[in-house]
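Structures given as C-alpha cells follow.
Two complexes are shown next, each including chain A; its partner changes from chain B in the first to chain C in the second.
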Partner chain A sequence: MADGLITLTIDGVPVHVPSGTLVIEAAKQAGVLVPHYCYHPGLPVAGVCRMCLVEVEKQPKLAIACATPVAEGMVVRTQSAPAKRARTSVLEFLLINHPLDCPICDQAGECELQDFTFQEGRPGTRYSPDYPKRFNPVEDFGPDILYVPNRCILCTRCVRFMEDVAQEPVLNVSERGDRAFIGIHPQGRLDHPWAGNVVDLCPVGSLLSKDFLHKARAWELDRTASICTGCSQGCNVTLDTRDDVVVRVRPRQNLEVNRYFICDHGRANYRWMNRGDRVEAPLVKQAGSEGYRAVDWDEALDRVRIIVGGASGKAVAFASPRAATEALFLARHLLGGFDWTGAFQLVMGDEEPLAGVPNLALRAERAPNVHGAELLGYTRDMSAALQAAEQSAVVFVLDDPQVSVRTAGAVIYLGTVMPEADGATPDVILPITNVAEEEGTFVNRDGRVQRYFQAKPAPGMARPAWWVLGELLEGTGNGARGMPLACAADVFDLMAESMEAFGGLSYAKLGLVGRTLGQGAGVPA
Partner chain B sequence: MGFPHTPHPRETLVLSKHFGDTDARTYKGWVKRGGYEMLNQALAMEPAAIIEEVKASGLRGRGGAGFPTGLKWSFMPREKKKPHYLCVNADESEPGTFKDREIMRWTPHGLLEGTAIAAHAIQADVTYIYIRGEFTEAWDIMERALAEANAAGVFGKIKIYLHRGAGAYICGEETAMMNSIEGKRGNPRIKPPFPAAAGLFGMPTTINNVETLAAVPLILENGAAWYKGLCLSNPKSTGTKLLSVCGHVQKPGNYEVTMGFPLKDLLYDLCGGMRPGRTLKAVIPGGSSVPILNREEAESTLLDYEGCVEKGTMLGSGGVIVFDDSADLVYQIMRLARFYAHESCAQCTQCREGTAWTTKILERILAGQGKMADLDLLLDLADNMTGKTICVLSDSCAAPVVSGIKKFRNEFEAYITGNRKPVIAA
Partner chain C sequence: MAIGVKVMKRPRTETSYLRATLQGMALTFSHIFRPKVTMQYPEEKSSKDWTISSRWRGTHRMLTDEQGRAKCVACGLCPQICPANCIKLVPGEDEQGHRYPLIYEIDEFRCIFCGYCQEVCPEEAIHVGVHYENSEFSRDRFVYDLERLCAQTHPVSTLWDPSDSKGE
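Now for the complex of A and B:
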C-alpha cells in the first residue's frame, strides 16, 4: 500500500499494519485475541507453547501467530477447525500434568490457562487417573517469589525476562521432556530489583508473590489506574483493592514510560495507603491549651481564611513531592499575595535500572512529583525555606509530617496523619486524602504529566488537598475563576489556563497514559 | 575396535572403499591413496564452480531430510559481508544409524577433505565438526587426523575445530546443534530465519552431514556425471548410500549400495537374510523417526528418497532396523516412544507432554491394562503431535506409533484383550 502499511485479513476483518508486525499483534487490531502463553510483547519471541496456532491460507501447516510476520494479502483464520483443534489439544497437553488446584491457587480468576480452557478446552480429560502427574516441591526463589513447579506450563516467560530484560540470567529450564521445570542458579536468588515482574508475567499460578499469597481472590478485587509513588519515573500501575484496602500493586502498560514492568520497590510501596492512624476530622488548636478540638470543615476553613486573610509579608509552603500537581498549584496560588517561598524535602536512594529497557529505572529521587513541584516553583532548598519560615506570617505544610518548622507566624497543616516532627504546633490541622483516595496528576522526571484515579474512599472527613485549598481560595478571592472548583479536573483546567507548560492539556487529553508537557517553564500567572 | 565385514560384490564401494584399512587413517596413508588432491584443486577453484559441480551431481543431504546439497550451499550469501560458518553434523544420534561413525573411524581425512572443500565453497572462515559425545573412538581418530592435517597445512586459511556433543539426541537437529556449539542449551530454533541467513552466532551458516561431505571429494575427482550415473531407480536420487543395518538379520553392518537398490536384496542377499526359521515382519528403513514398513512393503521398497516415500516412509539417515517374527512390535514402539520422551527438549507443549503421555499409554498396554479406546487416543495424540512443533522430534515419536497401530493393530489388541501376557509391570 502507498502508506507503507500491509493489508491482511484476520477472521474476515481487514487490518492495515506496518510491515514486520506479527500476526498475533495484527489480530488485536481485528479485535481477535489469539490465545497464547509464551508470547509477551515485552519479551523476545520463543514460539514454544504452540497455543497460538492459526491457519494461514496457502500454507500447508498451521502457523504460530507469535512468530509469523504479516504479509500483503495474507488470510488468517483463527477459528478454523484445524486451528481450534490444535489449540484444544495444546490445552489438553498442558493440563495432563497440571494439578487443577484452582480453588487454592492465587492465579484463579486471572489465569490464562483457566480462561482459555473455559474458552476452547475439552470438557473432560482423556488422561487416565491411574497415571501419576509430574510432581516437584514448591521452591523459594527469592525474597518475594515462590515457584510452584506443578502448575508450571514452561512458557519460559520468566526465564526470558531475567535473561533478556533484567539481564541477570538466574533462571533456566532444567531437565528435559515432561521432567522439565524452571531451575534457579544454585548460588542465585530471584532478588533482582525488578524480579517481581516474573509473577505478573507468569500466565498461571506458578510464580507467586509471597506478599500477595492467599490474600485475595482475583474476582474480589477492584482495579484502579494509578501512578506509582515510589520514585520520579512515574510508572503506570494498577491498584488492586479488596474491601477498600489496597492489597496489590501491578504494572499497567505504558510503552512510553514503563512498558509492562514495575520495580519491586514500587510493587511493595502500598501499605502506607491503608494506614489506620489517620487524621479523620479537621482540628483547630484550642486557645490557651496544647490540645486540639475537632471541628467541621466550615469552621476549620473559616479559621484558616481568617489567618490567611489577615496576614501579609512572607509565606512559606512546605509541600511533599508526593502531593498532586493540583494541590501544589493551588497552595502556591492561594499564597499569591505573599512574598512566597516553596520547598520540599526529597528522600534519595540508589538508582536501579532495568537493563533491557531504555530509560527505565527505579530513580534515585524517591517521590513521584519532584518535577511537578519544581515546575510550580517549589525548590529542594529546604534550609532557605526553613529560614524564611522563621519570619513568615503564614506557613503551609502540605502532606509532609516530617517537616520541622520554626516560625513566628501561623502554621496550617494539611496531612493524612498527625505531624510527627518537633517544631511549631500547627494552628489548624486539615485531614486530606492519600493517592489511593483521590484523583490527581503527577509530572514525572521526563516532564510527562499522568493521571491517577481514586481507588478507595477516604477515612472520616478527610478531603482531597485540592478541594481544601480550592475552598480556601474561594474565600480569599485570590484568583478564583468565578466558579467553584468542583473536581480535580477543574483545578487542572485552571492550571492549564494559567501555566504555559500545561497549556492546552486537560484530563480528557491526558487519558490513561498521560502527555509530555510543553517545553516552556511555567509559573502561575 | 571392530572391523567391517568383507564387502559384498553387490555393494558399490565409494565411501567405504577404505573401511578396514588402518593405513588409510593416517595422513601419509591418505595422501598415498590420492587424498587431499581434490582439496588442493578445489582451493584453486571459484566457490561458485564447486557449488555448480555438486549441484550437477545431484548429491542430497544424507542426514535425513535429503535436501539437495549444492542448492543448500547456494543459499549462502555470495557476497560475503559477515563471517560464514560451516557445521558438520557428526552427532549421529538417530537410533539405528551408525554410518557416520564408520566414516570417521576409517576415513577421517576423507571427511576433513570434504569439509574443507565445502568450507571453501561457502566461503566459511570457521568450521565446527560436532561429534557425538559417545563416539570416543571416532573422536580420538578425528582428533589425530585433524592434528596431522593441520601440521601438514592442507587447509590453508580454513579453520576446523572439533566440538564434542554431550549426549543429547536433539543436538543432531541443526539449529539445536548451533545453540549447543554456542554454549547454550540444545534447543531447536524457530525457522525462519534459516541458518544460511542467521545461523551460528547469528551468521550465515551451512550444516552438512558427515556422509554428505565425505562424498564431495569423490564427486570432484570423478565428476558430477559419474556421481549422477550412480542411480538404479529415480534420477533424483543419485550416488551411493551407506545403510546401517541392525536387528534380526544374519549379518548386520554398514552396507554401501547405489541409490535405488532394492531393500529386499539388501536384507536377503547382502545381510544374509533372517535367522534360521524366522521370517521378516517389519523394517524401519531410515532410522527410528520414520514410519514402519510391514513385510510386503519392505520387500518391494527401492532404497532411495522417492522409493521410500512411495511406501509411505522415508530414507532418512539410512538406519535400517529389521524385525523378524519373534519381535514384539508393541514393545519396540514403546521403547522408541520412551526414547523420544526422554530426549524431548521440553520446549513445545505437544512434544514435551505428548511423548511422555504416549509412552505411558504404551506401557499400560504392555502391562495388560490397556483399553481399546487407547488405540484411538494414541492415534489422536499422534495427529496432534505432528506438524505443529518447532522441530520434528514430536513427529518422529508419532510416526512409528501411527504406522505401528495401522499395520500391526492385532498385536496391540492382543495385549488389551488379554490374549497376550503382560510383559512389563504396571
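Now for the complex of A and C:
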C-alpha cells in the first residue's frame, strides 16, 4: 500500500486510511455507518454517548469507534452479537426518559434516535407505563432557539460547539445522573451569530429553531443544493422547500468553505425568495402614456433588440452582486460594442467570524457574487457609473439594485420585482428568476466558483437572466456563437472560452463543491 | 309474397293463461303469510337480522378531548399515508404552546375510504365513521373542515383487526 496508510478490516472489508483516523471514520470508507450521537466530524471527540460500541478483535472489551484510532491489522466487527447487544442496551437507556412525542416533534423524520432505534433498538419497552418520565419545562435559549430538556440525550454536541467552535461557552451539562440537562449561563443567551448551528447539530429534537417550529415535517421537504446569498463567504447550503416555498436553509458540508456550519444571518436569509409581488410577464412602456403593457417574450425581446441595435456610444450596466456570474457575463458581452461601464451595489455589514474555524466568517460584504462581478469588470463605484449613465444610450439594470438612474437613453430593467427606486422609468421590464428558481454560479471571496441549483419553479413567465440575455445576444449579433444558449452550462462554457480566469472550468468540473479559479487575474478576452 | 305460417292445433286447456295466472297469484299471496325480510329504509335502518358492520368505513369523524378540542396534533402522518391525497393539513401552535392543526380539511369526494388515516393516527384522533348518509345540496359541502369533523356524532369504525380476522 501507499506510504503512511494503515490497513485494517471492518466487517470483513479491508480499508486503507491514514494513521490517526478514527475507527468510525474508517468504517464510513467500508460503507458502514456506526450508530453515534456524541461524535460529529466538526467537533472535538467526547465519547460520552457510548452508542458507537464495536468489537475489536483481541481487545477484551468493546471499544467506542469514535475515540479509537485505527491500528495496523486491526479487525473490527460492528455487527457482531456483543456489539449489537451493547448498542441496543444503550438505546434502551436513552429511551427511558425520552418522551414518545414524535408526532409533535420537529425532528421526526430526520432524528438519529428514531433512525437508530428503528435500526437496532428493542421492539418494546421493559419499563412500566406507570413509571413517570423525567419532566422539565421547555426553555427559551436564544433569539431563535428553544430547548426541550425532555427529549435531550445529553450528547453534548451543542456544549462542545459553543465552547470549541464558537468559543463562547454559554452552555454546560448541569446536574448529574438522570437529572442532568443542558444548562445555560444565568446571564447568558444563545445569541452568538453562529448559534443556530446547535439546532442542526442536535441529533434529536431537543434544540429547535423557533423560525422552523411546526412549519413542516421532514418528509415533506424537497432538498436542493444551493449557495448562501448572505455574504461573500459563499457557504454551501441546502434549500428545503415545501410545496414550492422555501421554508428552511441548512448548511451543506464543504470542507473547503464552511465545513458543516452556516451563520444565523444566512439561515434567516430566505424569505425574499418566496416574495409574492413578483413581475410575472414582460412589460413594455406604452407609447404616449405612463403605463406598461404586458406582452409575450418575443415582442419584449424584439423591443429590446431594436433599442440596443439602434444605439451606440456609452452603455452602463447596474447589477446587484446577487446576480449569477452567467448573467453578469452575458450583460457585459451584450454591451461589448459600447463604451461600457458596469457597477454593482454592495450592502456592507459587520464581520462576524466563527472563532473555531479558520477563514470562516459572516463577511462584511453582504452579497454572494462580489468577486465574480469584479472579475467581470464591474466596479463598486456606483457614483461614477451613475454619472456615466446620464450620457449613455442604453442602461441595463440587472437583478433589482436600488438605484435611481438619470439618463437620456433607454433603460432596460431585468428584475424579479417592479423597480422601487425613483428616477428614469424603464422602457422595458423583463421578469427574471431569483436564486432559488434558476441554476447558476457564484464566485466567493476566495475565488471559488460554486454552483447552485433550481429549488422551485419560477412565477408566471419569469425566466433566468442568462436566458433573457442569451436571447438578446442572438438577435444583436454581438459575439453570438453558432449555437443557441440552451442552458446555464452553455453560458458557463462560453464564459470559460472567452474569459481566461474561468478557463478550463465547466459545470461538470465544478460539481457540488466548486473549484477555485486559477491564479491568473481576470483578464478580459 | 305470402309467408307460410304453420298453425299448431292445441287444446284450449293448454293455451289458456288462466291456470298459470292462478298459480302465480297463489305464490304471491302465499308470501303474505311468510316472515317479512324487507327493511323499511329510511324509517328502519337496522333489524335484528342485519346491522351495518362496525368495520364499515364511511365519512370521517375527528375525536375531541375533554375540553372539546380536536385530539389532532398535526403530526402530518395522515396526509402522508393518504393514497387519494384528500387531506389538507396546516400545523400551528395554540396559546398553550401545543401543536394543533390550523387547517384540517378532508375532501370526501376524493376519499377512497381505505381507513389508512385512522390506522396511522398516533393520537387516535381521525377516524373513519360507521356512516353512509352523506348527501348534500352542493359540492363544496363535501370538503369537511375541522369544525365539521369534530361535530360528527356517528360511531367510528373498528377497522379490521388482524388478530381477529373474521370479526368474531
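Going forward, the second predicted complex is superposed on the first by the 520 of 525 C-alpha atoms of A that agree within 3 Å, B and C clash if a C-alpha of one lies under 4 Å from a C-alpha of the other, contacts with A are read in each partner's own complex, and residues count from 1 in each chain.
Operating definition for what follows: a residue touches a chain if its C-beta (ideal position, glycine included) is under 8 Å from a C-beta of that chain, and two chains touch if they have at least 3 such contacts.
What you see is a predicted model; the values in this text were computed from it and never measured.
By the touch criterion defined above, A:49 reaches chain B but does not reach chain C. When chain A is checked against chain B and against chain C, the one touching more of its residues turns out to be B.
By the touch criterion defined above, A:104 lies against chain C but remains apart from chain B after alignment on the C-alpha atoms of chain A. Of the two partner chains placed around the shared chain by superposition, chain B is the only one that A:90 touches, whereas chain C remains out of contact.
Of the two partner chains placed by the overlay, only chain B lies in contact with A:172; chain C stays clear of it.
Within the superposed three-chain model, A:154 lies in touch with chain B and out of touch with chain C [touch as defined at top]. When the two complexes are overlaid on their common chain A, residue A:138 makes contact with chain C while staying clear of chain B. Contacts of A:214 after superposition: chain C is touched, whereas chain B is not reached. Residues 168, 185, 190, 341-350, 352-357, 360, 364, 369, 377, 384, 387-390 of chain B are the ones that touch chain A when the two sit in their complex.
Remark: chain C residues 73-77, 80, 91-93, 97-99, 122-123 touch chain A in the complex. Partner chain B is touched in their complex by these residues of chain A: 45-51, 53, 61-62, 64, 67, 85-86, 89-90, 92-94, 96-97, 126-128, 130-131, 153-154, 156, 172-173, 175-180. Note for the complex: chain A touches chain C at residues 102-104, 108, 138, 213-215, 217, 219-220.
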